[in-house]
Amino acid sequence: MAEQFISRGFKGRARDTDRARKERIPPGQYETKEFPVLSAGPTPRTPIERWDFSIYGEVAEKLKWAWDEFQGLPRETMTVDIHCVTKWSKLDTLWTGVSVDTLLAGIDLDAQPAVRYLIAFCDGGYTTNLPLADVRGGKAWVVYEFDGKPLDPVHGGPARLLVPHLYFWKSAKWVRGFELVTEDRPGFWESVGYHNYGDPWKEQRYAGD
Amino acid sequence: MQDNDLRLDGNAAGGLLNEIFRFEMTAAQATCGGCGTRRPIGEMMLYQHGMGAILRCAECDTALMRITYIRGCYCLDLSGMTYLRLY
Amino acid sequence: MAEQLKWQLCTVVEIRQETPKAKSLILDWPEGPTHLAGQHVDVRLTAEDGYQAQRSYSIASPPGDKHLMLTVERIEDGEVSPYLTDGLRVGDRLELRGPIGGYFVWDARNGGTDGPPLFLAAGGSGIAPLMSMIRHRASKGSKVPTRLLYSSRSYEEVIYREELDRLSAHDPSLRIILTLTRRRPSNWTGYGRRIDRAMLADTAWPPAEKPLAFTCGPTAFVETVATHLAELGYEPGRIKTERFGPTGG
């Protein structure tokens, strides 16, 4: 196979990681101080008076909150590292939102143990799938502030899912709710070759990894 | 709408589509399964930022083509398109 | 049917400063097939650690020219354009594939006045593929009535300005209309604002003449022009668009 031609002097965007932070960067990733915008579609512009968040599915309960009600839920602020499958990682990102545990509190999951998966659905049609176990126990939030300011639409505002222990495509932008199901169903990227689970520490980028 | 300025159109997908199809694809006509609009691929909206290429209907934003290229394999989802005319 | 394109290497034979921010790369591509005016190439850069970045650039030279010309505008925080405008040296090689495109293309056919009137609307570096069309038209002796409406930030930033002046001075069937959106020379009597519906109503061919329109440049520019031309009565199938992204490539 022919050797790849190297463009003399081309460096691309900064990809060197400070040694002191290296153990926080999963394999194959580099640290960025920027916040790249990756979108699979146009930025939705749902007016806040029409926004709501729903939880439904193969469960007996149906929950829904309008924006004001959602804002009234107990809120948390947390600092987490995020890792994108396109190889950039951003450390110490600050978010404010509602824990998924709070949102699921109104669903009696213990009484419905066959329901083990969640499909997050979003304005614009994006979906991603997660095991319920990965969004409970303080591992996930629906956030509406980044860095102390309302979440910018290009980064998923008014609200996005945040699941920092998995690749960032699982932190679905413009999230509008969860469908709770008994059988896993691959979402937007999972259905075209990306890993179904997406653990950055095991480098689970693509199906079969 | 400033961030929609990031989008390109189907012209910029010409090289990728040439890897997969034996036809020149930017002039190929596709019919949208969402709204029935029929336009050349060159007039579709292209979102291509690292994970894959998504071609969307210029009228209704339905994803007509989703393409990823992973470890030498192409994955294509064309379920948003009902008709494709190649010439 | 299209040939499967392969990545190939070409050599930089000349780097020409067009405007303070734009340079043309003149490339020797021995195996390069003849292209059609309006087509582009994909350029791929590879760093030593294997990292790759890829962008598309319109071919600015006409079909039949010995060398390929790409015109690149430097985007300040860009990843690829600063390398092409300031990193490359004459003698360096560049990896590219093409020519690509069958939608945004124009053929002068047999020259003469054969073909519908052409309306070309360029925003910034979006002039590149339209310049290929204008140069191709000139080389074929075509007298198809052609108008170019070209939006730039200032007079100094009009790419190919002298060549456009020269071509139109000798050809009454080619008319160049500039609009300068940020700065104008003190004696400027031309348009001095962003393209809008009124300017298009004044400069574009009437729809009754069944013109063919090509517009290229930043995404917002292209969408504005296309929308207004459609409102003015141009058939949607006769408004061809090519978007360059946020700042024109």
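Letters A, B and C name the chains as they come in the text, with residue numbers starting at 1 for each one.
Throughout what follows, a residue touches a chain if its C-beta (ideal position, glycine included) is under 8 Å from a C-beta of that chain, and two chains touch if they have at least 3 such contacts.
If you're wondering where the values come from, they're calculated on a predicted model, not measured in any experiment.
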Contact-graph distance - origin chain A, target chain B: 1
Pair exhibiting more inter-chain C-beta contacts, A-C or B-C: B-C
Central chain of the complex, centres being mean CA coordinates: B
Whole-Å separation of chain centres (CA-atom averages), chain B against chain C: 23
Length of the line joining the C-alpha centres of chain A and chain C, rounded to whole Å: 40
Touching two or more other chains - residue numbers and ranges from chain B: 1, 4, 6-7
Chain C residues counted as touching two or more neighbouring chains: none
Two or more partner chains touched - positions in chain A: none
Residues of chain A that touch chain C when the two form their complex: 4-13, 15
Footprint of chain C on chain B - complex, ascending: 1, 4-12, 14-15, 18-19, 21-27, 40-43
Residues of chain B that touch chain A when the two form their complex: 1, 3-4, 6-7, 45, 47, 49-52, 54, 56, 61, 63, 66-68, 70-71, 73, 75-77
Touching residues on chain C, where the partner in the complex is chain B: 1-2, 4-5, 40, 42, 56, 97-98, 100-104, 218-220, 240-246
Touch list for chain C against partner chain A, complex: 9, 45-51, 53, 79, 83, 87, 92-95
